[in-house]
């Protein structure tokens, strides 16, 4: 197996945060959330490559930091194990999160270097291409294989899997699924390139869950923002046409 | 053209030649113990033979001996990267890309193993479900039981494939987190990756 | 010109080293023409390099260069036959590694035993005759009678060595769907392997 490292973009909101601090946008000590949001907005304007997922992850992180701070300000409720965010300034909070994260960020970079160095030597054994080999004795691989097959079969049989309502548990769970919006954008692009133009109702015609609906909607908005699609509503309250 | 001297090369020792042949046919790294049992000699003798091959390859050949994932593997020398990549068989071989997020997650697992998803997410500040799925799918990490206590979350560990991919013999060979701080950040590394670790 | 002693070995010429690296990774014999084009040199130079490698291997190594099927191949030397055969036998018996297909089939047998070949094939969607043979050969599954009724097909079950390999006390200890929930891919994992994470 040969793997390449994808070095573009950011690995997550904390990576962005480190980048902002390092590029001098923010001083490492005394960061406030409002200052962070201002600098991040400026950064977004300059850096058009930032994806909607990155932005969502960033704001979700900020929201979680604030939530932690709020909880710390309130008297501790019995059974609340949120002792992690102790009373302290925003700056200390952000700094402690960054401090914990930084070594791993550097380690990831180090690993990339090691992988590249290792990737320069090739071993044999490439005679059999394709299927990965499993060491026997890995119980969880075996089980995953089985349940994957069960799931595939259930889907293949047409029985729609039960849609689970997402648990609403404060802010932490609302982080968007990584990639979903981008995946949907690609799908819409493909539809568009095959058909030329589309009606909004066609795009939503195949969407059944609330989550998929939101994702599709976000995808269309994001494509519009990037100028990859034009939205025209020809008749008041009529359908919206998507074209390039 | 080459006149004198050519015939005068020192042959590898008989044990080194046997070890070489075994490593050539092996698909995965082979441990010293196994090499000793197969060649009918002691682990010390095998260790000496490996050293002999290693030096000879380094000095004279387009090959290398690598000490990875608890064993020894024959591989092409890094200097031959270009020509080997050009060669179709290798160019055709499977290539998967690891994102920065995947590397970061791998770093957390590698340094804090065994670790749980929530610990990883705590450090990375972002949901890591999918990245973990992909790493599991590529066999770079594995589930290694559950943590006792509330929720009994799954524990993750790195695998031997992880070691092979990064050219490590064991997890203890990983540079410490402190040492990693001194390694260049990814963005500053050029594409030719002209660095050896 | 050539000083004697260990450090004085003559390195192979740069072209020979490149040819060596290519032949090492090649799965089939490689022709002189292709070697020339990959190394960016002429066929004459490559022929010289091959001669160089051939002599060196014959004099010093546990390897050989073979001229077969119109091309060149690296192989182990005939003197190493015994050790290589021994290694292959040992490696095959000790290190059972399963392909994805074998693992899938094993999973079906484990979870739905006793089961028949046609049931397995129905779940997997592909023919599974050979894979079943492999698993039987490794002693991971066994034939446990025949199903009554039409055709009386063979029934398969996992063996005790399956249990001990996976560290299970009994088949009822296999993780249930609920227990596996948190590591199963959340959403549809797209099946293209070559994607970014």
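Each chain carries a letter (A, B and C) given by its place in the written order, and its residues are counted from 1.
Note that a contact is a pair of C-beta atoms (placed from the backbone, for glycine too) under 8 Å apart; a residue touches a chain by one contact, two chains touch by 3 or more.
Being a predicted model, the structure only gives us computed values, none of them experimental.
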item: Identifier of the chain whose CA centre is least distant from the whole-structure CA centre; value: B
item: Chain separated most widely from chain C, comparing mean CA positions; value: A
item: For chain A paired with chain C, centre-to-centre distance based on mean C-alpha positions, whole Å; value: 36
item: Whole-Å gap between the CA centroids of chain B and chain C; value: 18
item: Inter-centroid spacing, chain B versus chain A (mean Cα positions, whole Å); value: 29
item: Touching two or more other chains - residues of chain B; value: 24, 26, 28, 74, 76-77, 84, 89-90, 94-99, 101, 129-131, 136, 143
item: Residues of chain A touching at least two other chains; value: 6, 122-124, 126, 132, 134-135, 140-141, 144, 177
item: Interfacial residue positions of chain A with respect to chain C in the complex; value: 6, 122-124, 126-127, 131-137, 139-151, 153, 177, 180, 183
item: List of chain A residues in touch with chain B within their complex; value: 1-15, 57, 60-61, 64, 97, 100-101, 103-126, 129-130, 132, 134-135, 138, 140-141, 144, 175, 177-179
item: Sites on chain B touched by chain C in the complex; value: 2, 4-12, 16-22, 24-26, 28, 30, 34, 37-39, 55-56, 59-63, 74, 76-77, 79-80, 83-84, 86-87, 89-90, 94-99, 101-102, 117, 129-137, 143, 153-154
item: Residues on chain B engaged by chain A in the complex (per definition of touch); value: 24, 26-28, 64, 66, 73-78, 81, 84, 89-90, 92-101, 103-104, 106-108, 110-111, 123-127, 129-131, 136, 138-139, 142-143, 160-161, 164-168, 175, 177-181, 183-187, 189, 193, 195-197
